[in-house]
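Naming follows writing order (A, B and C), and every chain is counted from residue 1.
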Amino acid sequence: MRTTRRKNNLLAKIWHHPQGQVGLILAGLLVFAAVAAPWITPFDPYDVTQRAEKGLAPGWPHLLGTSISTGQDIFSMLIYGARVSLLVGIVTGLAIAFLGAFMGILAGYGGRFWDTLIMRLVDVMLVIPTLPLTIVLTNLFGKSYGMIIFIFTIFGWVGLARVIRSQVLVLKSSNYIKAAQLAGASRRYIMFRHILPGVSNLLIMSTALTSAGIMVAEAGLSFLGLGDPTAISWGKMLAEAQSGGALLFGHWWWIIAPGIGIFLSVFAFMRIGLALEEVFNPRMKRSGMLLRLFKSINGSYIQEVFDAMDDRPETDEAGKEAAP
Amino acid sequence: MRKGYVLERILYTVFIFFIVITLNFFIPRIGVEDPAERYYPPQGNLTDTEYSIIKQLTRKQYGFDVSGWQQYLRYLSQLSRGDLGTSLQAGSPKVSTLIAQRLPWTLVLSLSNMLISVTLGLLLGTSAAWNRGKFADRALMNASTVMTALPAFFLALVFSLYMGFEWGWFPAYTEPDMVASFDWSWRAIAQVARNAALPVISMSIGGVISYAQGTRNSVIAVSQEDFITTARAKGMSTRTVKYRHVLRNAMLPIVTSLGMSVSGLIGGSVVIEQIFNWNGMGTLFLTANNTNDYPLMMGIMLFLSSFALLANLMTDLLYSLLDPRVSAGGGRR
Amino acid sequence: MSQDALLLVEGLKVIFPTDAGIIKAVEGIDLAIHPGECLALVGESGCGKSVSSLAILGLLGTPPALVRAQTIRFDGQNLQALNEQQMAQIRGKDIAMIFQDALTALNPVMSIGRQLDEVFLKHCGMNKSQAKEASIEALRAVGVSSPAQRYRQFPHQLSGGMRQRVLIAMAFAASPKLIIADEPTTALDVTIQMQVLEELRAMQRKSGTALMLITHDLSVVNYLADRILVMYSGKIVETGPVKQILKRPAHPYTEGLLTSVPRLDTCNTRFYQIPDQVPNPMNKPSGCHFHPRCSYAGELCKQTMPSLRSLSPQREVRCHFPLQKGEGGDSQHA
C-alpha cells in the first residue's frame, strides 16, 4: 500500500516539475505509439504486399514518403521504431539498475572480499573498449535484441555500481545504521530496511538516465547493422537511408524522421531523469529557480518586506530613541 | 606525490593488464570450439579429404591446432615478444603493421575532436558559470539539454547530407586518394583537414557541450565552498579568487573526465569512421569483424585496452599531482 | 557611544528571496564594536548571526541575498560605498575572519604556507621569501609545532586543532583592527577547544584587536567577551555587558539559553530545554517572534513586536515583560 502511494506521489512530483512534465508527455506519446503501432500506422512496414513506389517524397498517403531501397512507408517505420527503442531502453535500464544495485551494495556492505573483487572487476570493465567488444559478442552470439540487452547490461552496471557503493559507504557510517547495528538488527534486515531505501532515489533516477543513454547506444548498434536484422529500428532506418542513397538524392525526410524519433525518446527520458534528480535533491533546484525569481521579483514588494522589519513605535513611550 | 603511490598505481595497472590480456584471449573463444566448423561449414563440392585438409589449415590459421592451455601460453609468449599476431587478410600482414597504418588517421579525428571539445568546453563552461543565470548561461544550458539527446552519428548524417552533398562545403565521403597520396605537402595536409572537417564537427558538438556543462557545474560547486569565502575574506582580488582558488579546484573532476575521453580516444570513433568511410581503426575493426579476422580483432582490442589502461594510469598520476589528498591515502572517488 | 566605535552597523537587513517565499534572515540589527573590545553575537543556529557578519564584510552573494543597511561604518569609512576592489583592500587587512570548520575553510589543494603567504603578499607589501618567513613566524605564534614543516603541508595532513590555529594565524597575519570569529571552536573536541580559545584570547590581548565573536556557546562567551548581543530570529533581543547578562538575564530567551547550559555547581539534575525550535524564517510568528516558545508570553506578545528598550545605560532588551526591572522598564510579568 505504502509503496504504491509513494509511487503515485513521485509521478505527481515529476508531473509538477515543468521539465519533467515535458518528459512524461513525450514518453507517454512514445509508449502509445509503440503499443498501438499496428492500429495507428497507415501501412504495415513488415508486409511486403504493402510496399509502394520506391523513393516517394512526403505526401498523401505516404506522409513521410517511401524508402528508396524497398518502398516501405517511412512514417509507419518511424512509429514501429519506437518499439525497439523503448523496449531495449527501458528493459536494459531496469536490468542495469538491478545489477548495479546488487553489485554496489555487495561491494559497499558485503565486506572486504566482495568489495575488492567487485572494484577490481570495475577497473577491468572500464578499460575494455565497450563498442568493439559489443560488436564481437553480437557477432558471436547472434543478432537479437535479447542479446543486445544482455550485453548492454553486462557493460552498463559499472558506473552505477560505483555510485551506489559510495552512497552505501556514506549510509554505513551514518548514525542511524550504527544504532540499528547496536540494537542487534541482522545484516539482512539492515540491508533491506535501511540500505536499499537509502539508495532507491539514486536507482530510480539513474534508471531514467541510463535508459536514455541505452537508447542512443542501441541506435548506434543498429546503425552498424548489429541489431536484429528482421526488426524495424531507428538506427537501422538511418543505415538503410545512408546505404539506400538518401544523402545522394537529398531525401532529407528519410534521415530526419528516424533522427527525430531517437531525439524524442532520449530527450523524454533525460527530462524525466533530470526532473527526478531535482525532486530528490531540492537544493539543486533552488539554485536554478532562485535566479529566475530574482529577476521577476517586484522591487516595491521587496521594499515593503524591508520596511516591515522596522520597529514600530508602540503606544508605550519607552521607545528605542530612549536608548543612550 | 609520494613515490610509493606511483609504484602502487603502476603495479596495479600491470595487474589489471594481465586480467585484460586473459579476457582478451578467452572472450573471442566463447562459443567457438572449432573455427573450421564455424567459419567453413561443409560444402557439397568438396571431398572429405579436401575438406579435412581445409579444416586442418583453418585450425592452424586460427591457432586451434593445440589445446586451450597451450594456445594461451603461446599467446602470452607471443605478446611478450611484442607480437600482436598475424591477420588473416591476404598477404598475412602483421596486426601491429595494420594498426600502425590506421592509428594516425584515427588520431587525426579524435585528437582534433578532443582539442576542440576541451578548449571550447572549458571556455564556455567557465564563462557560463561566472555569468550564472544570465543569457549566455541559460543559452548554454538549454542548448545542452537539446544537443545531448542527438547522437553524434545522426548529426554526422545530417551534416553529410547538407554540408557535404547539398552545399558541397566539405567532402561527404573521404576522398579515395587522401591516404594513398599523402606526402606531408601543404596540399595533402589541406586535403586531410577538408576531409576531417565533417567527422570532427559531428563528433565534437557533443564533446563541447558535455565539457562545458561539466565545467560549469564544477566551477559553480567550487565557488560555493567555504574556502572560497575564506579567500575572499582574506582580501584576495576577484581575479585571484577565480583563477587561483576556484579554477584549480574545479579542474579536478575535469581531469577525470579528460582521462575518460583519452581512454576512449581510439575506440570512440567507430560509427563516425564508418559513416565517412574514414580510413582509421574503427573501419579496420569493422572489416575484421565482417571477415572473421579474429587475430586482428583481438589485436585491436588488446591495443585499445592497453591504451585505455595507460591513459587511466596517467590520469591517476596527474590527478595526484593536482590534488595532494589522493597520494596521501584519501580516495578521489 | 557610536562616535568612537570601530565598527558601527545600523539597521542591517538581509533577505533571501526564493521560489517558496522570502527568507528574512536579518531584520534590522544595530551594533557597535569599540577598539580592542570583544563583542559576542549569541543565538541558536539560523538566527542570522553568521549572515550578519558576512553581510558586513560584503561576502554574501547578491544574488541570492539582498542586503540593506542605514550605516555600515568601519574606522570612519562607509563600507557600503566601496566597490569590490576597495572592499578587498579592507578584508584581511583591517577586518579579518575566522571560520567555523577549518577543514572546509582551507583550500584543500594549496599548502597552508601558500595560503598564509597570500595575506602577507597582498596586504603587507612583502616579497615571497619575506612572506614565507612571516608565515612561519605566524604559525609559531599561534602554537603550531614545527612550523617550518607545517608550512609545506596541506590542510588534510593537519589535525582539527592545528587547522583552526592556522586560520587564527591567517586572521591575525596583517594585524587587523577587527577580527570576526564565526564559531571558532565549535568543530573541535572540548579539550582542544580550550587550547584554541586560550590562543585566541592571548593573540587578541597581545595585539589589541577588536573581536566580534559569533557563537551559541555561552561558556565561550563568558571566557572571551566583554559585551554580549543576543539574537533571535533575525532580531536583537538583548544586549549588555557579559557579566550582568549572564548573571541576570532580562529576556526570557536569554534565560532559556542560560538554563539549558549544564552546570556543575548546582545540584539541579533537571536539564532545561527551550521548547520547540527556531521559527521558520519564511513564516515567522506574529508579534514577538519568541512568543510561541516563551513561558511568560501574554496576549500582547502575540500581537505586537516589542521594541528594543533600555533597562540601564548599558543594557537593552526587546521584551514586553522583561525579567529584570530597569530604570526604564515598568512592566510586570503576566
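The definition used in the following text is that a contact is a pair of C-beta atoms (placed from the backbone, for glycine too) under 8 Å apart; a residue touches a chain by one contact, two chains touch by 3 or more.
As the structure is a computational prediction, the values presented were derived from the model and not from experiment.
J.: A-C or A-B: which has the larger count of contacting C-beta pairs?
T.: Answer by contact count: A-B.
J.: Which chain's C-alpha centroid is most distant from that of subunit A?
T.: Between subunit A and every other chain, the largest centroid distance is to C.
J.: In angstrom, rounded to a whole number, how far apart do the mean CA points of subunit B and subunit C lie?
T.: For subunit B versus subunit C, the centre distance works out to 54 Å.
J.: For subunit A versus subunit C, what separation do you get between their C-alpha means, in angstrom?
T.: Roughly 47 Å, centre to centre.
J.: Rounded to the nearest whole Å, what is the centre-to-centre distance of subunit A and subunit B, using the mean of the C-alpha atoms as each centre?
T.: Their C-alpha centroids are separated by 24 Å.
J.: What are the residues of subunit C that contact at least two other chains?
T.: Correct list: 63.
J.: List, in ascending order, every residue of subunit A touching at least 2 other chains.
T.: 287, 291-292, 294
J.: What positions in subunit B touch 2 or more of the other chains?
T.: In subunit B, the residues touching two or more other chains are 133.
J.: Could you list, by residue number, the parts of subunit B that touch subunit A in their complex?
T.: 12, 16, 19-20, 23, 27-28, 30-32, 132-133, 145-146, 148-151, 153-154, 157-158, 160-161, 164-166, 172, 220, 263-264, 267-268, 270-271, 274-275, 285-286, 289, 294, 297, 300-301, 304-305, 308-309, 312, 333
J.: Could you list, by residue number, the parts of subunit A that touch subunit C in their complex?
T.: Within the complex, subunit A contacts subunit C at residues 286-287, 289-294, 297, 302, 305-306, 309-314, 318-320, 322-324.
J.: Show me the residue ranges of subunit B that touch subunit C in the complex, using the header's touch definition.
T.: Within the complex, subunit B touches subunit C at residues 133, 225-227, 229-238, 240, 245, 248-249, 252, 322-325, 328, 330.
J.: Flag every residue of subunit C that touches subunit A in the complex, lowest number first.
T.: For this pair, the touching residues of subunit C are 1, 11, 13, 15, 17-19, 22, 24, 27-28, 63-64, 66, 68, 234, 304-310, 313, 316, 328-330.
J.: Which stretch or stretches of subunit A touch subunit B in the complex?
T.: By the definition above, subunit A touches subunit B via 19, 120, 123-124, 126-133, 135-137, 139-141, 162, 166, 212, 216, 219-220, 223-224, 238, 241-242, 246-248, 250, 252, 255-256, 258-259, 262-263, 266-267, 270-271, 274, 287, 291-292, 294-295.
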